[in-house]
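In what follows, subunit A forms one complex with subunit B and a second complex with subunit C.
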Partner chain A sequence: MPSSLILQAVLAGITSGFVYALIGVGIAVIFRGSHIVNAMQGEFAVVGALVAVFASAGAGLPLPLAATLGVAAGAGLGVLIDLLFVRPMKRRKASEESFLLLTIGLAFTLSAGALYFAGRDSHLLPPIVEGVYAIGGATIPNHALWLIALAVAVVAALRLFYRRTLLGLSMAAASADPDGATTIGIDVNRARLLTFLLGGGVGAVAGILVSPLIAMNYHMGIVYTLKGFAAAILGGIANPLGAVVGGIVLGLLESLAAVGFPSGYRDGVAMALLIVIMIVMPNGLIGRAGRVGG
Partner chain B sequence: MTDLQKLRIGLTSLAVLAWAVAPLLVERSLLDVLNFSAILAIGGLGVGLLLGQCGIVNLGQSAFYGIGAYATAYGTTALGLPASAAMLIGMASAAAIALAIGWPMLRLGGFYLALATLAVGSIAGVLFFEWDWLTGGTLGVGGIPKLVVAGIELAEPMHYHYFIWPVVAGLSWLALNLIHSRQGLALRAMRDAAPAAEVLSIDLHRLKTVVFVISAVLGALAGSLFAHYVSFVSVQSFTVERSILFLLVPVVAGARSVPGIVIGALFVGLVPELLSALGDMHQVLFGLALVLVVTLLPGGITGLTTRWLARKEPA
Partner chain C sequence: MSLPYSTDRRPSRPARFASMTLAVLAAVAALPVVAQPASGAPIRIGALLSITGGLASVGLPEREGMLVAQKVLNARGGINGRPLEIVQEDDASSPDSAISKINNLVHTQKVKAIIGTSGIAQTVAVGGITQKAQVPLMAFTGLGPPVEKERTCVFHLTPAQALNARGLLAYARDNKLSKVGVLHDSGYGQVIWNAMKGLDKEFGVEIVAVEKFDIAATDVTTQAAKVKAAAPDTVIVMSTASLPFRAVRQVKLDVPMISVHGSSTYETVKAMGDAADNIVFPEFLIAENPLPTQKEFVDAYQKEYGKLPKHFSAAAWDAVMSLAEVLKKVGPDAPGDKLCAEMRRPYQGAMAKYDFSAADMGGLTLDGFNYAKLTQGKYSRLAYRPAR
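Now for the complex of A and B:
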């Protein structure tokens, strides 16, 4: 097998790995901040990307502005979901299954909404920079390099936010121990609202960054959600940094599997891996945290 | 007789009456939808047993539904087997596969397990697509013969209507017996107080696996009945969306109630059809309806009546 083919697969795997990482980070953010497993994280990506597509190609806005609108749409959607559904259900102390069912229902609704507004076509965004970069007989689109750089920046910023800022720390505290957090004056509801805002925004960023490489359509949300979950769980779900490691491992395995197997099996390989990892390595590849909420 | 019993008997006789006269009153297309609801009810019954009795969210029923449908499709067309043999092969393969993957997988709990079942469903989707020698891929398998029961070919929706609903009733009766059996008590103990059940030496893992296998067999049966009904199956019928529909059947109606499964299946089958007059918007509304059910009615539709009766007559 030519080494350039393997290198090409590795480059493609790392690129998609960072997309899964961003989705997984969004899932980890929401899980960390609300103890809800968000089965509609991929829909944030779809909504963000489609809003950006319509703002740039449809309304003719410049790309940075369109992308900002897309991220705002994702963040706004997150806020709405918290206010309309999560908050009343938290007040009623709904069960873990109900929240899972809620997000599944929302995924269904949003995917139908995307079909209604955007149709069955797949939509591409223009890349940040055109062209490809050649490395040792293989190529990587310039946009993919930007994608990786921006994904790293987002994850680093999130880590700083959760580790170094009072707001980030208080958000983590509000979810870990809502009663304790309330007694020291943290507004738990507000913290969860911000969590959903952040999770929705990060999800939209993932969708906007990937759409110049892989066209976005209404039913891709579920696939991204599953891959993001696999990434988050590989890395240990409560640990946002772990999702990056998980995403890259997943992306690499997938694209290397596509060298050996027919490419149709790609998604199957990722999902089989997800099941095996959950059974064999309950805390993820690098995680130490116990399996909460299981 | 308590109010609840009276209500139950009244509603059951109403349902039987409606079933008996439905083909005279409603159009063929609606009868068609009702038959699909019955298929949803059979697959959903399995998912409902898992959800209601074990607290397990199963998002992979489409895998077993597909196994049943393709066993019937391949068995009756390519191999020329009789319908009953193909159906049994489908249910047996579903049971074997459910046992093989369920045994290791059911050690997981909560959303990890839900996710694993979702992954199973999507792996099955990939395999159904790739193994086109068996499944015909996107082109599908056509020419599946209609079922013949007691010498009558079930060619028309009306024939199927009179065949499939008694099947649903029979399976529901079996499910009720299971729930009220010793095993059912063990299941409830496991669901409500797992550590206590374990202390009473109930083998939780074995019990969960058994229910998972039962659920898979029901899924396969639904798939076989679907294949015979439509005579044509392709991968589009066995997607993750289908698994979600199967899960919604018990969720809508309140997972712990067996008759509720029928109500849930009618809801999931009929509501999109009724809303379809609104054009493409209907799927969004259907999704919203589901979200509202989850948000506002924790016990589902049957939970609402039970709660109402409980308030009226404190037992």
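Now for the complex of A and C:
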């Protein structure tokens, strides 16, 4: 087996891994701040990417401004979701299953909305840098290198935010123990609103970074959500860094399985290995058993 | 004194009247004939298409073709003067939803015929209901005789996957591209690959690599690299996504690609980016250079929507027009079994020449393919026709 094939698989796995990680990070952010499993995280990516596409190709705006609008759209959508749906359900003491159903329903609704407003076309954003980088007989798009770098920057920024800023700490506290947080003066509703704003924005960043590599259309949201969810669970669902680790592991498992086995078995092999990992490490690769409650 | 004959040289009154009448008639006859639009009680057919969900990319162009056919038909006088009305339903790309919608169309709305469905699973699911009710179903997909051989009221307007496979391999054979790599997805591509397996010897080609990827894959460069390692003369790509085309070019596999017409939509081409080059498609409709039998449809579609059509829309146009032809012949009150029987005949459509009396209820052949080459994102017609 040529070494270039293995190297191609590694590069492909890392690229895919960071795609999954970016979605998984958004799922982790929202879970960390609200204990809600967000089944519509992929739709934030779709909305962000489509807004950026229409702002740049349609309205002729410069790409950085179009991307900013896309991120704002994702963040704004997150805020709306919290205000219109999550907050009223929290007031009514809805169960965790109800929130999961909510986000599943919203995923289908937003997908239908994307089809209605954006049509059935798939859309590509221009890459940050054109062309591919060749290494040892394998290739990786230059844009993928930027995607990896920016994903690392996003995760590092989130880590600093949650650990070193008062706002980040209070958001985590409000999720872990809302009653306790309230008694010490943390506005739990505001904390959750900011969680959804952040989760929506991160989701939109994911879509905008991915769409130069993979054309975005109305149907991609659920695809990304499933992969991102696997990454987040694998890494320990409330940990954005865990989502990155989980995403990379998942991407590499899939890619290397395609090299070592007939490609038809790729997904079966990767999922089987994932199951083994989850049995051995049920809290995820770098997760830990957390407090129950909140 | 009165004379025995009139000295008035003017024509007589009856003669003047006759002359004037003739003049008016001549003037009217010289006017261009304008068809009267259809009027009166509408003739109702149903349409069950995937307007939402995963198959909307197919269902929406089918609806476009269907609606422009309805418009043109009704402007020309409809069916014996009566307008054609289409009761539309969306199956949301789900066979379960398709069953409830077909029951509504057949048993509640009592439509004369159904246009659809857009998906294999939906066609197989609803075909039993329409067959039992003897309501013609003009399907855009299906599984063909192995499953549907008793369904003589289910007509197919798109080719069987075996024919798609032959169209692809014929090009490779006739252009001396004897070492073939195959890259296919787990959905559409898998169905065609299943039909292609075992045809390599018949077509005198060697399948040197077969790689599969999930329809939800976000990267297929590993599989493309495996195909490249087998050093093929050509790569057959079977997928509705742009991803594998981009992957083949990313790994610097620069051989010609051959792909199936389901991948040839303008939306997929746009999403291919720079990879939309040196790809050959066995097609039915090359709207940039239509055949004479296709021109009316292409012009009508372009006038209505401001863009060029693909074969999904052409097939839907043919579904409406072929049904209308039969309804004109037997009358809208003819029983279902008579409609189905009359449908089973050769029909020259915009997409292709069909033979609805053939065993597969579609009758498309290798001769029906037109080959297009995609060069830097633009289609052109190839002179190539497959040798038998």
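As a working rule, the second predicted complex is superposed on the first by the 267 of 294 C-alpha atoms of A that agree within 3 Å, B and C clash if a C-alpha of one lies under 4 Å from a C-alpha of the other, contacts with A are read in each partner's own complex, and residues count from 1 in each chain.
In this text, a contact is a pair of C-beta atoms (placed from the backbone, for glycine too) under 8 Å apart; a residue touches a chain by one contact, two chains touch by 3 or more.
No experiment lies behind these values; they were computed from the predicted model shown.
S.K.: Which partner chains sit in contact with A:80 here, subunit B, subunit C, both or neither? Use first/second/both/neither.
M.R.: A:80 contacts neither subunit B nor subunit C.
S.K.: For A:89, using the defined touch cut-off, is the partner it touches subunit B, subunit C, both, or neither? Pick first, second, both or neither.
M.R.: It touches subunit B, and subunit C stays clear.
S.K.: Regarding the shared-chain residue A:167, is it in contact with subunit B (first), subunit C (second), both, or neither?
M.R.: A:167 sits against neither subunit B nor subunit C.
S.K.: In the overlaid three-chain picture, which partner chain does A:214 touch, first (subunit B) or second (subunit C), both, or neither?
M.R.: second
S.K.: Should A:226 be classified as contacting the first partner (subunit B), the second (subunit C), both, or neither?
M.R.: Both subunit B and subunit C are touched by A:226.
S.K.: In the overlaid three-chain picture, which partner chain does A:101 touch, first (subunit B) or second (subunit C), both, or neither?
M.R.: first
S.K.: Touch test for A:264: subunit B only (first), subunit C only (second), both, or neither?
M.R.: Both partners, subunit B and subunit C.
S.K.: One more residue to check, A:115. First (subunit B), second (subunit C), both or neither?
M.R.: After superposition on chain A, A:115 lies in contact with both partners, subunit B and subunit C.
S.K.: If we overlay the two complexes on their shared chain A, which of subunit B and subunit C does A:275 touch? Say first, second, both or neither.
M.R.: First partner only.
S.K.: Once the two structures are superposed, pull the subunit A residues common to the subunit B and subunit C interfaces.
M.R.: The overlap between the subunit B and subunit C interfaces on subunit A comprises residues 112, 115, 226, 262, 264, 267.
S.K.: Taking the complex as given, what residues does subunit C use to touch subunit A?
M.R.: Against subunit A, the touching part of subunit C is residues 52-54, 56-57, 60, 186, 211-214, 216, 218-223, 225-226, 229, 241-243, 250-252, 267-268, 270-271, 273.
S.K.: Inside the complex, what are the residues of subunit A that reach subunit B?
M.R.: Per the stated touch rule, the residues are 37, 85, 88-89, 92, 94-98, 100-102, 104-106, 108-113, 115-116, 222, 226, 229-230, 233, 262, 264-265, 267-268, 271-272, 274-275, 278-279, 282, 291, 293-294.
S.K.: Once bound in the complex, which stretches of subunit A touch subunit C?
M.R.: 2, 4-5, 8-9, 11-13, 15-16, 19-20, 112, 115, 119-124, 132, 138-139, 141, 210, 213-215, 217-219, 223, 226-227, 251, 255, 258-259, 262-264, 266-267
S.K.: Could you pull out which subunit B residues touch subunit A in their complex?
M.R.: 51, 55, 57, 59, 101, 104-105, 107-112, 114-116, 118-120, 122-123, 126-127, 129-130, 240-241, 244, 247-248, 251, 280-281, 283-284, 286-288, 290-291, 294-295, 298
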